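Below are two complexes that have chain A in common, paired first with chain B and then with chain C.
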Partner chain A sequence: MMRRIGKLCFMICVSCAIAVGQDLKAPDHAVAGAALKLETSGSGDATLYLLGPGSAIKRSVKLGEPVELKPEEVSGSGVYTAVLKSGGANVTRTFYVAPAAPSNLVFLARPSRVAVGQKDALSGVIFLFDANKNLSFAPADIHFELAVSGAAAAARSVAAHNGIAWTRFDSARREGAAQFVASLGETSVRRVVQLTASEPCNLRFRTAPAKDHNVVVETDPVRDCAGNPVPDGTIVTFIENDGKTRSTIDARIKRGVARAELPATPNATISAASGVVLGNEIRLGGGR
Partner chain B sequence: MKRIVMMITIVLAILVAGVALKASPTDDKQPPTAIALPSLPSNSSVKVEFDGSPATPRAVEDTTERAIVRDYSNAWSVMASALENNRADNIAAGFTGNAQERLAGRVREQQRAGLRTRYVDHGHKLQAVFYSPEGSAMQLHDTAKLEEQILDGDAVVSSRDITASYVVLMTVGEDRWKVRLLQELPSK
Partner chain C sequence: MKRLIPLAMVALTALLILVSISGQSMTVGAASSPDAAVQDMYLHVKTHDFAGAYNYVAKQSQTDLNSFARDINGKDGSLKTLSSVQKIDTRILNESGDAASVRATTEWSSAVGAIYETRDLQVVKEDGAWKVVWPKDQRQNLPPQVIPVTFLRWDIVHRAAEDDWGAQNVEAPKMRIVSMNAVEKDGGVTVLGELENEDTVPGFASVGATLIGNNGETLAEESSFDKISHTLLPKEISPFRIDFPGVKRAQVKSVRMSPNYLLVPASADPVIAVLHQRLDTDANGRTVLRGELMNESGQVVNIPHVLATFYDDSGKVVWVADGYVDHALQPQIAEPFAVDLHNELAQGAHRFRVTVNQYSQDRRTD
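On to the complex of A and B.
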């Protein structure tokens, strides 16, 4: 009986010695994509399990020797769990791998097409990533610039917070393809935003006689209030009203002007409108 | 008399069954309606508490809040299932971009090493901190209470109760929000 108790005590002591003997030490500061070493203590063989973002490793190691992890094995930023198993004893340690400095910019520029002269119409959001696609939290000033040919560029710098920087711009007053650029040091990302003319301004039209007792109505070149030609395809509505009947024609702008034919009803009034904008009025067979 | 009643009952039953079959959604002639669209899975058991009040520059709409809770919860169910069963075939249901690649890579390496990870999920406190002006991307902070088990085959090599912090990026996908980045932060 005493012999058995003695054996049991001996085995417990040996197990404790093994458990106390083996240990694992992770680095205090690790960066994603950089090789690192895990220090082990004790002696003999052990199995290392390492699980982290995007990686799962099982490896035989020699206790007392450092375990080297390649850059690609710790490319993901996050918390890694390392388990060292030797005999019946396991040691579990966790360590944090921080993201590296930002080197990639992901740029969301919205919308891709917008009317000129709109307040806060454009937004740009930058997400800062390191070389291994980890969101990077390092301090960074992002330079945003919005430029359209023939007009002064708008620019500002924004400090990133939690890996994100964002801004808003008014759309420029001149139509065209605006270059929306975000940059950090030498790295820059460009998006093209199409600025289109706004609502028509000073919509004017004139009349001319046509065949079959009709009259041709044709607008002057249709422009917005900043002088940008309104895009072809925009609808201009001509309305003829003689007090008894009312005729309406929707005409699309083609090459800058809208044109239609209406019946030449004596003393009828013709007006034009596009969207919420009203044009001039002409009375047929009489003065304007 | 009894026979007549039985006959009438049988005829009525046949008529009702006929009408029901004609109105059933398996009828090819029925035009597709909004009701016929596939409904999103909302059967995740993962509990998510959401706080959208810190979000800037855009306020989180009620419908978006509900969608985020549903889809983030679903993403954790998808991840837990993928890591426990070492199957990557359903990852795209909750993840996209880098998060999808990372998770698929982890499953692949677990398969190779004969390892599995089991999560017992005790809930998430999710806080929206950034909601992009045009409403297509959101950054969130998650505090999750989990039990994490690492298994070599069927043997548990590590089991821990953890409170983990994550920074999350979610973006609008084709019909739902998906996790684009899930990056764990050091414990405080």
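On to the complex of A and C.
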């Protein structure tokens, strides 16, 4: 009986000695996407379990030799947990892998269409990411630029905080496809924001005789109050009223003007409207 | 035995021919009265037997079988070509000797509901049988020519799968319900109004409505279905109408509108003018809005759909009526239309506005 108790005590002592002998040392500073080493101590074989953001690794290691982790094994930034298991004993260490320097930009530009001359109408938000798509918190100055063909570009630099930089721009006075660009060093992202004319302003049309007892009605170039041409395809409704009957046509603006043919009814009144904007009125066979 | 089989076959063939002839003569038998002639003619049209129907057409009509079939059953992919006769109602307006006038009211079933047609037909006695004088189709055809059309088209570049998540799709068009009204009519509630595309791009709109009861419960949910122009170009205004049959207005506490706007590729073609619009009275004494549609493009518009918005003297929308035109719109050729309007509504309607929807084959408008 005494011999059995003695054997048991011996085994416990040996196990304790092994447990005390093995250890794992995590790096003080690790960067996502860069190779790193985990130092181990002790002797014999062990199994390493590494749990991190989006990854889980199991590897057989030799105690006393460093464990090398490849860049792709620590590509995600965040907290990693390493567990070294040998015999019945475990050693657990946690360490933080920081994101790398920003190299990718994700650019949210809103809205995709906006009328010209609007205060703070455009917003641009940049999210900074490293090469492994980790949100990067490193300090960075983002350069935003909004340019429309034929007008001076608006530009400003904004410092990123916690991986995010944002700004607002007034929409330009000139319509067209605005190039909204955000850049960091050599990296830049471009979005297209359509700057559109506002409501038609001073809608005017004239008439001219046409074949088959018709009259041609044609607007002057339809522009907004800032002088921008209203986009082609916009509806201009011509309405002819002769007191008994009414004729209407939804003409589309084409190359800046809307044009249609209506019956030339004597003394009929013709008017024009685009959305809720009304134009002038012409009386056929009479004065304006 | 060798001769017996051929003889039997000949006899059988002759018998079948006789049966066929006798059967045909039964189905195209002489009409004994003017309205029977009209009824029988339409019964053949109902079974798409235009040759049989043509037997009831008087010689003086000066129309051939093909012209008659195209006229009565439609052509150019019009709504008529997709419809079939369901009901025929005839009434003799006057009869004297060998001539009579018959009013034929026919109901046609189609994918968009019943279509009603009323024709006053002259019926004459020819060779002892009543025959219908089918008026020759007087519609003019456009002479062969080239019509240059430079219409606009909007296409959309969508976000590609490999784009980063910052590359959002282009936003939906900005549309707005500019007026809305709820009326009680024919034992139900109707929600109607107008919708404007305030954006600079075309959009697809659908409008739904939910009626909320006095205790906050949902009474009914409906959509405007075809009582709206779904595709709206920039600054285009469309009426909409949503019918809730069987719901009393007193039951309704509020209406929850659920418009849905989508950015879609679209074409600015065709332009359809609505000419000579006027309120008139039809043969049955009902108020109708009449006018003519003129397709100003170079392609046939198969199924035109007229939407008419009626306003009271304060400019409020009081009714939205619609009607399909059962003839296709040929380029540059005026086509008459008529939309029914209830007499009591006609009294309250001070102004109206007509817009045209269209459905066309072989035209890329999506």
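Here is the rule we use: the second predicted complex is superposed on the first by the 265 of 288 C-alpha atoms of A that agree within 3 Å, B and C clash if a C-alpha of one lies under 4 Å from a C-alpha of the other, contacts with A are read in each partner's own complex, and residues count from 1 in each chain.
We adopt the following convention: contacts are C-beta pairs under 8 Å (C-beta built on N, C-alpha and C of every residue); 3 or more make two chains touch, one makes a residue touch a chain.
Since the model is a prediction, treat every value here as computed from it, not as a measurement.
Student: Which partner chains sit in contact with A:71 here, chain B, chain C, both or neither? Use first/second/both/neither.
Tutor: So A:71 meets neither chain B nor chain C here.
Student: For A:127, is the partner it touches chain B (first), chain C (second), both, or none of the two (neither)?
Tutor: A:127 sits against chain B and chain C alike.
Student: Under the stated touch criterion, which partner chain does A:139 make contact with: chain B (first), chain C (second), both, or neither?
Tutor: neither
Student: Output check: A:285 vs chain B and chain C. Expected answer is one of first, second, both, neither. What do you get?
Tutor: A:285 contacts neither chain B nor chain C.
Student: Just chain B (first), just chain C (second), both, or neither: which does A:263 touch?
Tutor: The second partner, chain C, only.
Student: Per the contact definition in the header, classify A:108: touching chain B only (first), chain C only (second), both, or neither.
Tutor: Both chain B and chain C are touched by A:108.
Student: If we overlay the two complexes on their shared chain A, which of chain B and chain C does A:185 touch? Say first, second, both or neither.
Tutor: A:185 sits against neither chain B nor chain C.
Student: From the superposed pair, tell me which chain A residues show up as contacts to chain B and also as contacts to chain C.
Tutor: 108, 110-111, 127
Student: Residues of chain C touching chain A in their complex?
Tutor: Listed in rising order, the residues of chain C that touch chain A are 150-152, 154, 164-168, 170-171, 178, 196, 198-202, 233-237, 268, 271-278, 291, 296, 352-355.
Student: Can you check the complex and tell me which residues of chain A touch chain C?
Tutor: Of all residues in chain A, those touching chain C are 104, 106-113, 127, 189, 191, 194, 196-197, 230-236, 244-252, 254, 260-263, 274-276.
Student: List the residues on chain B that touch chain A in their complex, please.
Tutor: 57, 98, 101-103, 105-106, 109-110, 112-115, 117, 129-130, 132-134, 136-137, 139, 148, 150, 152, 157-158, 160, 164, 167, 169, 181-187
Student: Help me check something: in the complex, which residues belonging to chain A touch chain B?
Tutor: Residues of chain A touching chain B: 49, 51, 53-58, 76-79, 81, 83, 85, 90, 92, 94, 96, 99, 108, 110-111, 123, 125, 127, 133-135, 162-164, 166, 168.
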